[in-house]
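For clarity, chains are labelled A, B, C and D in written order, and residue numbers in each chain start from 1.
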Amino acid sequence: MLLINLKAYKRTIGRGAIEVLEAAERVSEETGIEIGIAPQPTDIYLLSKNAKRVKIFAQHIDPVRNEASTGHILPEAVKEAGAVGTLLNHSERPMTLIEIGEAIEIAKKIGLITVVCVNNDKLAKVIACLSPDYIAVEPPELIGTGISVSKAKPEIVKNSVKSVKSVNEKVKVLVGAGISNKEDVKKALELGADGVLLASAVTKANNFYEKIRELAEGFFYK
Amino acid sequence: MLLINLKAYKRTIGRGAIEVLEAAERVSEETGIEIGIAPQPTDIYLLSKNAKRVKIFAQHIDPVRNEASTGHILPEAVKEAGAVGTLLNHSERPMTLIEIGEAIEIAKKIGLITVVCVNNDKLAKVIACLSPDYIAVEPPELIGTGISVSKAKPEIVKNSVKSVKSVNEKVKVLVGAGISNKEDVKKALELGADGVLLASAVTKANNFYEKIRELAEGFFYK
Amino acid sequence: MLLINLKAYKRTIGRGAIEVLEAAERVSEETGIEIGIAPQPTDIYLLSKNAKRVKIFAQHIDPVRNEASTGHILPEAVKEAGAVGTLLNHSERPMTLIEIGEAIEIAKKIGLITVVCVNNDKLAKVIACLSPDYIAVEPPELIGTGISVSKAKPEIVKNSVKSVKSVNEKVKVLVGAGISNKEDVKKALELGADGVLLASAVTKANNFYEKIRELAEGFFYK
Amino acid sequence: MLLINLKAYKRTIGRGAIEVLEAAERVSEETGIEIGIAPQPTDIYLLSKNAKRVKIFAQHIDPVRNEASTGHILPEAVKEAGAVGTLLNHSERPMTLIEIGEAIEIAKKIGLITVVCVNNDKLAKVIACLSPDYIAVEPPELIGTGISVSKAKPEIVKNSVKSVKSVNEKVKVLVGAGISNKEDVKKALELGADGVLLASAVTKANNFYEKIRELAEGFFYK
């Protein structure tokens, strides 16, 4: 899977988010690659109504125990708006261990795919015990740098894949941080990853379609 | 203003939020009372597209300084989705003083109405210095109790109105916590409030229209 | 180990903390049971200077990466003041997964014993992957109730011991929440725990010595 | 007042903190200048027992409402250990508005001097409404830079003094961020400040006595 995180980029909200979606739909149709987009919560409904093959993810959900939780993101609301899954514990939105455990549990119950982000291979193994659908390994020091983890720290990718699979074979591993071109994707897959998680390579691209198409081509060598 | 906070109530997401909106539209048309609804962020777009007289608010925005802020709620995204304003610092989503200051500044710049919640009259005065559009005074010990602040602690309402206006006459005061019927609204306005902020009285009502209509009638005596 | 958490009880700061220490020293000498006390950070130095057999723990440390961290609790300062270890991730002071990982790493490097608190057996297993010295299982709904987890939810204790040992045999398991008398301690040990973590049973006791002595006797049956 | 924040600098814990204290005592005796030191919480007791003229401050207190608050810093414990006051809301340890309000209230009740940090002159005015003893204005972008706010942004100092005094004449204003030598202190006082708050200029000094003496001399011109 190629998962595109739109973060809080102003360029890719509303109409901009739709443009990323249209580009992703076209690439997905042309290449058959599974693509996901994680927009701002306010854009989940808009994108979901317009998505065909592309899957829409939330960037975060709160494990709401009490409905009197103003300003928290209700997992059921995210699902209702059309999201099929959610990121959790992104290094820009760290969660407590308790929250991660509860959020995975709620997500499973209501049918949301979970993509739990971790900083390193050690925490990847830890989270594997909670059996999320995906674990995304993103060394925070590389996020947004354009220096891909698959090149700079290949051992983190290898170790993550190995230790996650040793705990639970079904948990898939995404690789993030600094993924910016076809080569980075290819290398990540060669190291055993099941896909990539990225943001600025797409959100700052001159041409959304061309960049997503290039990244998707990284999967062809698999 | 009658501001209805849908919090994280499962009953009032998606289709349920639309039902609250339709009831609010009807009451607003019949009575001329200004009504606002603050739904989950995922429902802002849906409600905004369907709203005519009713104003849609966010429950929270993050003062995003860096676009690499996964899982944070971008003020511009909330605006783009159709919200006209936002709650800030609700006692269920407290913000640091720095965040409140920055969020008000950003909201003003991009044209979002700010409704800053505070626990008591002392903090109401403090926040008045930042000149938000509204200050909503909600003693947290009364939230969700059905015991209205206007009856249980009228002096808090009086003092809040007095101290807010002494700092900045233009800042409007809403009263929240325990507002559940026409009498509570009437009493709040008599004590000098410019409107009310409430949640469970509506979200748990058997009939949204009847409850909103009743609450709106509390404004007739003004 | 019998680990006594003084939390933020006013009765057991300063002179009160010394009284708990003296009682614990006497019991430890009489019974040979290993006893630890986790006071307020301001009392670590005072207790450490007066402790002989009893071990002093911090209630929390921050994984400080940048020395410009005003108001954070520096692990090295805790060590310097005489603490031999620290609690981490207590349900009253939850930490993000990243912080837990970093704090364990720092603690190991500088020689502090780690006691990581978790809510349930599932998270106990997760944390076992990080190889702390102790894992304390405390279902938060029982904390401070006087209803001991060893009686109310024996399966949580059993499962925690089993799953922690399956990951790493060397990690010891403490049981907390509601432990208030000799029977609770006995039952906890019978279920496989290596010790107990408790607070109010001691901090609210009429006589510190008598209560600690009673709890220590729960270990005799082991 | 010359208030020295030791933050989480490893060099100034334990024995290092005592060395700063001894230097500060000597300077205070020689010059008559009022000096305060804010060490790690674990060093409050140690420094207080050894202080004669110098005042010991906490770097942070938590407004503890429930004694079952493991890992929180109890104001009464800080007081018991010998602190005469506390910093609050340092930009490295931001507090919610509610917490600031409660912490000031508790501090006043138990007799701790409050030094509330704010980022700018606007928030200085806001906090003045809560009548703390001191407000320390520290533009976070200058902290630790060695570029003093009194030189780089004199208008922030001037405006802060003016707006704080307009709300409450009794509230004193400290200036922080980048204060590193005699000139910076002198300039801050000329702009109307009642003292300075600083950290790295002292904690990283080759000779604690010489640096503190130099800074104290900045007060002579007043």
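Operating definition for what follows: a contact is a pair of C-beta atoms (placed from the backbone, for glycine too) under 8 Å apart; a residue touches a chain by one contact, two chains touch by 3 or more.
Everything numeric in this text was worked out from a predicted model, so none of it was measured.
Undergrad: Compare the two sides of the chain C and chain D interface and say whether they are made mostly of the same residue numbers, over half shared, or of different ones.
TA: same
Undergrad: Which chain maximises the distance between its CA centroid and that of chain D?
TA: Greatest centre separation from chain D goes to chain A.
Undergrad: Averaged over CA atoms, how far is the centre of chain C from the centre of chain D? Could you give it in whole Å?
TA: 33
Undergrad: Take the average of all CA coordinates in chain B, do the same for chain C, and state the distance between these two points in whole angstrom.
TA: The mean C-alpha positions of chain B and chain C differ by 43 Å.
Undergrad: Can you check how far apart chain B and chain D are, centre to centre, with Cα atoms defining each centre and the answer in Å?
TA: About 37 Å, centre to centre.
Undergrad: Residues touching two or more other chains, restricted to chain A: which are they?
TA: none
Undergrad: Between which chains does touch occur?
TA: Result for touching pairs of chains: A-B, A-C, B-D, C-D.
Undergrad: Which of the residues in chain A come into contact with chain C in the complex?
TA: My answer: residues 89, 91, 94-101, 118-120, 122-123, 125-127, 129-130.
Undergrad: Please output the residues of chain D touching chain C within their complex, sorted ascending.
TA: Those in contact with chain C are residues 5, 7-10, 13-14, 38, 40-46, 59-60, 62, 64, 66-74, 76-78, 80-81, 87, 90, 92-93, 143-144, 199-200.
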